[in-house]
Amino acid sequence: MTASPATAVDTPVEVRDTMRAAVLSKPGEIRIEQRPTPTPGPDEVLVEVAAVGVCGSDVHYYEHGRIGDFVVESPLVLGHEVSGRIVSVGAQVPRERIGQRVALEPGRSCRRCDQCVAGRYNLCRFMQFYGTPPVDGALADYVLAPSDLAFEIPASMTQETAALLEPLSVGIWACEKAGVTAGSSVLIAGAGPIGLVNVQVARALGATRIVVTDINRERLEVAAGLGATRTVLAGQQPGGPEFDCFIDCSGAAPAIDAGVRAVRPAGTVVLVGMGADVLTVPFGVVQQKELKLTGTFRYAHTWPTAIAMAEAGYVDLDALITSRFSLADTEKALQATSQPGQIKAVIVP
Amino acid sequence: MTASPATAVDTPVEVRDTMRAAVLSKPGEIRIEQRPTPTPGPDEVLVEVAAVGVCGSDVHYYEHGRIGDFVVESPLVLGHEVSGRIVSVGAQVPRERIGQRVALEPGRSCRRCDQCVAGRYNLCRFMQFYGTPPVDGALADYVLAPSDLAFEIPASMTQETAALLEPLSVGIWACEKAGVTAGSSVLIAGAGPIGLVNVQVARALGATRIVVTDINRERLEVAAGLGATRTVLAGQQPGGPEFDCFIDCSGAAPAIDAGVRAVRPAGTVVLVGMGADVLTVPFGVVQQKELKLTGTFRYAHTWPTAIAMAEAGYVDLDALITSRFSLADTEKALQATSQPGQIKAVIVP
Amino acid sequence: MTASPATAVDTPVEVRDTMRAAVLSKPGEIRIEQRPTPTPGPDEVLVEVAAVGVCGSDVHYYEHGRIGDFVVESPLVLGHEVSGRIVSVGAQVPRERIGQRVALEPGRSCRRCDQCVAGRYNLCRFMQFYGTPPVDGALADYVLAPSDLAFEIPASMTQETAALLEPLSVGIWACEKAGVTAGSSVLIAGAGPIGLVNVQVARALGATRIVVTDINRERLEVAAGLGATRTVLAGQQPGGPEFDCFIDCSGAAPAIDAGVRAVRPAGTVVLVGMGADVLTVPFGVVQQKELKLTGTFRYAHTWPTAIAMAEAGYVDLDALITSRFSLADTEKALQATSQPGQIKAVIVP
Amino acid sequence: MTASPATAVDTPVEVRDTMRAAVLSKPGEIRIEQRPTPTPGPDEVLVEVAAVGVCGSDVHYYEHGRIGDFVVESPLVLGHEVSGRIVSVGAQVPRERIGQRVALEPGRSCRRCDQCVAGRYNLCRFMQFYGTPPVDGALADYVLAPSDLAFEIPASMTQETAALLEPLSVGIWACEKAGVTAGSSVLIAGAGPIGLVNVQVARALGATRIVVTDINRERLEVAAGLGATRTVLAGQQPGGPEFDCFIDCSGAAPAIDAGVRAVRPAGTVVLVGMGADVLTVPFGVVQQKELKLTGTFRYAHTWPTAIAMAEAGYVDLDALITSRFSLADTEKALQATSQPGQIKAVIVP
């Protein structure tokens, strides 16, 4: 019933010939389909999926069928926050890795273009990224990954935590761009999952003042519990001195305008939230204060750091999980995020 | 007739008790007034003004009486691109400096605020800057300066060149922020005086591709003569590969939008031109390419570099001068800049 | 009995006309002398000393009368880790500051030289530093300080903790130079007071692997209690993968040699410990790995960060204190550091 | 007589089945051997070698059979400064490239290790580098290269110039590490080929003071002709103010000691010359001035810059060539470098 080379190792691993996949057939419709289980290429591993976090971009594709220039033109498997267990390996991968519990980095870069060679593989010109059209994601029983993007996780780490290393990576990348360090004063707009990991990463990096704004009081309470030193309802003044940096995780124009104005001279603005294509910025403020403004697009080199931070207890990823679903209930999971009190749903195939 | 301590040195310098000053009495009106010659404080020098370049900001104050939040509310002496000769010194300044030919850095910072102590004195919270309300500038026979902002110039440098070390500083600062280096590919919008110094500084820093855009064909020809490898009429495509950086010296929204879109992933955008307070930016591009966007506000630590570059012949500041005026003709000088074919006017008291 | 302006405020502060000072009259001899209490200059404050930490450099001056080029040629008051209370202020300082509890930054820079203007005031060419010949330190009842080097401390912070913000600053500066950040792997040689603050700062900055070496098992135990993830007796191999950075707080040639060899390609080496003037370095390793090696000399801009970190509980400075002495017992305090089990002595006038 | 796919293009290129190679059979002995011409792998190109510069490391292997840990244990083809013409391509390479004139980057990195992925491929843990044991170099009629390491050169560039883009890359890399920029003051020890390219690159980057030291007056004259603003016999004082950076291209301990001492606070020291494995450094100076010291190991990302700089005329590589040899005379070329008046020999197969 299985042709996997895994039968050769001490703890044989069974790999089924077919697998279920949650397929976005059209906007607003997820179908559970049977598909052939893929076979790893020479440098690939086949991973039995254990947990998949639901990201706002998954929900956006589900609802609208597109994000900016990325359009879902044929059936697509979503899901890019993934953990699991290696059940089969390609010819160039040590067979000892079979059975290993892993977190997956979801972007497969070309390793050849100018951006890859420069060490900025997140900006790869030929990136293939789970659940971004036309590349299938991980909402399935199995998924393939290049061997070096499957990072072994410690025995003490749960699979759910491991799946959430992806949003943690977003926070690590943003805080690094923002230059957060010991004694930093940080303003964060948006207390959704990405805002909340930024709060925790900023805290772990030694920030001593972390102010969070959101329109949702409930989420602000969560932020306070995870390390925010002050929370402020969107539209109200954060008060106090200027901030060293402002990290936008809201994508909301008024929040960005207010945030830019709240930063000290030579401070930093990092735009994480995917908002409108075009944005109105207080240009005079950027010039007169010589602010440094940038955006983040995914992340690079973050998984080892993310694993070490979660393992050390510097961040609490489980605190973000507010609901769990089976693969069969993927559609419910995609609808859950907009419910009151929800932060992060996890699908456990 | 003079009480100057200069009488004590070998080459006595005569300092008149009164001086002429070109005063902006109201928008559109310059009056030549007699004022008492000021006396240097302990750490100051009195400089007999030899040359003053006319800057776009001088013209803007002359025409509109304000720039953004800076409003001319009482009579103001303009002029901040200044060179001259030290004719008198305060008690703490070596008397040997009397007679020295100097270029003046026009901004007097507090040396105490957080920005000054951090080495970013251009962002000083208490800056006093020549010709910026309510601080008088240098369009007069004499002007005071802190001793360390009066930089000795080489014997081979003319006073006119020395006055233009100020716009050169703007270019040095912008190219430094842009990260221009050997082999850089640079897009510059605007071929006015600031655009043209940026062309020259980029060339001096080893840039090998320098594309300049402007609406004015005549200015583009000057840019080509000063080192641009290609010139393009505004609105047309620059063509070729992406740029490492984009330096805006136009303040024009369409130029900024086009420039931001022309930069390579992880490239740099520097906004030098003072344009609108609020600006619409292609936000999605900044995020997906992780562009680094910043603005410049004046400059810091640039005079020694500017002097050395001009002395080495790496830049040709005299090429920018298209007309010369006496102090009595200050008003004509302020009106000259808008004439066809004009780039930079210099006033020689 | 007092001419202090403090008599004018609501909570009058009494300032005695004379004060005790612990004077290093010659190597190995401390005398308690009576001296006139100094009067603050216009921008100075007079601080009643509450706590002074004993630093290894104090001990070195006491024992040898010199550190490198700095020679004690006339009687000198030691002590530069200082906290206290403002009891009198100069004319330019708000009288409201009288009564304020403060930590003192011990170095008075010139604010004028190239290094100061560049923001590197720790490298000031005319630095006056407490307890460094010929400048008197703070082992006295009162000490003068520039108003902006007297940092208000929170009500919850003890004066002893406040005095130890100085060694904390050394650690902040070293870890910043080393580039310690989330997920960093850090090797620290030396578990004296400076090594121990580096352990804590590295931990607060998100380092997840912190290996400490020392010749003293007892100190290694303290290091383990303060955040080291592993401790190793000097001379033994730290094991495991290469380190992102190596921070030397030992000044010991073998430790430095081993540390340099243990760093990953493009990693960082920071030399904090003041050791020999000349050092033999594995040059080939520095080249083939393109290591970045630097040293630290005091610190700059660290007090606000240090206060915030201590207040947030990110570091435990009190854990370093192993003995307390009165001002009269200064000599005993200087002799205490070499006792077994001693880490840091504090003198409480 | 040829099986090359080149027969298919319009301008057929003949590739001989066998080729000559200059083989280092043992220290001090070069033999010209016939070898089969290699066949390009899928992503490789076969290059007919046009010019090979002789590097000091080639001479060192020829004379001593080793450099540090790299030992010549079997016959080795030297040569890593290479230009030529593509005569055959692998299956994945566009056939249009056949006939292209190219400069070759000599190091084939793994593209997979931590250093490669981080953008530091020069520090690749599995680097294969022309002429470094056990990898054969380019002193032959033909050589293979990965397609993306064969950079097309402009029609106006000679093959000899193209070969010397390799030492130019060494200079670009060193000056970048040193932070040379407009107005920099640079001290360079050693006026051999590497010192001389550093002079030219520093000049091209806008340095305004470039002082060169060497023991050889003749070489100093060449340095003066290529942009040094002052030359100094080794052992004599360079005079003048402190330098922003010191670039060692001598590997000589006294030069390094003197150079480190001549740098300003917070300045930079870059060690390019491969000297002793262990070096004595003025440690106290590094600490008290917080100098930043690093070494360079090859280069990364420099070929496009090098081509653009040479094409723009910012550097004159031909000025370095003092002798030319045929492949048959490789041994004479290796012996030529130590002759008086010689700087760089080029072998033209």
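Which chain is which? They are A, B, C and D, in the order written, and residues in each are numbered from 1.
As a convention for this text, a residue touches a chain if its C-beta (ideal position, glycine included) is under 8 Å from a C-beta of that chain, and two chains touch if they have at least 3 such contacts.
Note that the coordinates shown come from a computational prediction; the quantities given were computed from them, not determined experimentally.
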Checklist entry - In how few steps can one go from chain A to chain D if every step must land on a touching chain? => result 1
Checklist entry - If you tally the C-beta contacts for A-C and for C-D, which one comes out higher? => result C-D
Next on the checklist: Quick check for the class: compute each chain's Cα centroid; which one is farthest from the centroid of chain C?
Outcome noted: D
Next on the checklist: Please tell me whether the contact surfaces of chain B and chain D are same or different in residue numbering, using the over-half criterion.
Outcome noted: same
Checklist entry - What is the distance, in whole Å, between the centres of chain C and chain D, each centre taken as the mean of its C-alpha atoms? => result 46
Next on the checklist: From the mean C-alpha coordinate of chain A to that of chain C, what's the distance rounded to whole Å?
Outcome noted: 41
Checklist entry - On chain A, where are the residues touching two or more other chains? => result 118, 120
Checklist entry - Considering only which chains touch which, how would you classify the arrangement: line, ring, star, complete or other? => result complete
Next on the checklist: Could you list, by residue number, the parts of chain C that touch chain B in their complex?
Outcome noted: 111-112, 117-121, 148, 301
Checklist outcome for this item: Residue positions on chain C within touch of chain A in the complex are 172, 175-176, 181-183, 201, 204-206, 208-209, 304-306, 308-309, 311-312, 314
Checklist outcome for this item: Seen from chain A, its contact residues with chain B in the complex are 68, 114-115, 118, 120, 122-123, 125, 177, 264-266, 271, 274-284, 286-297
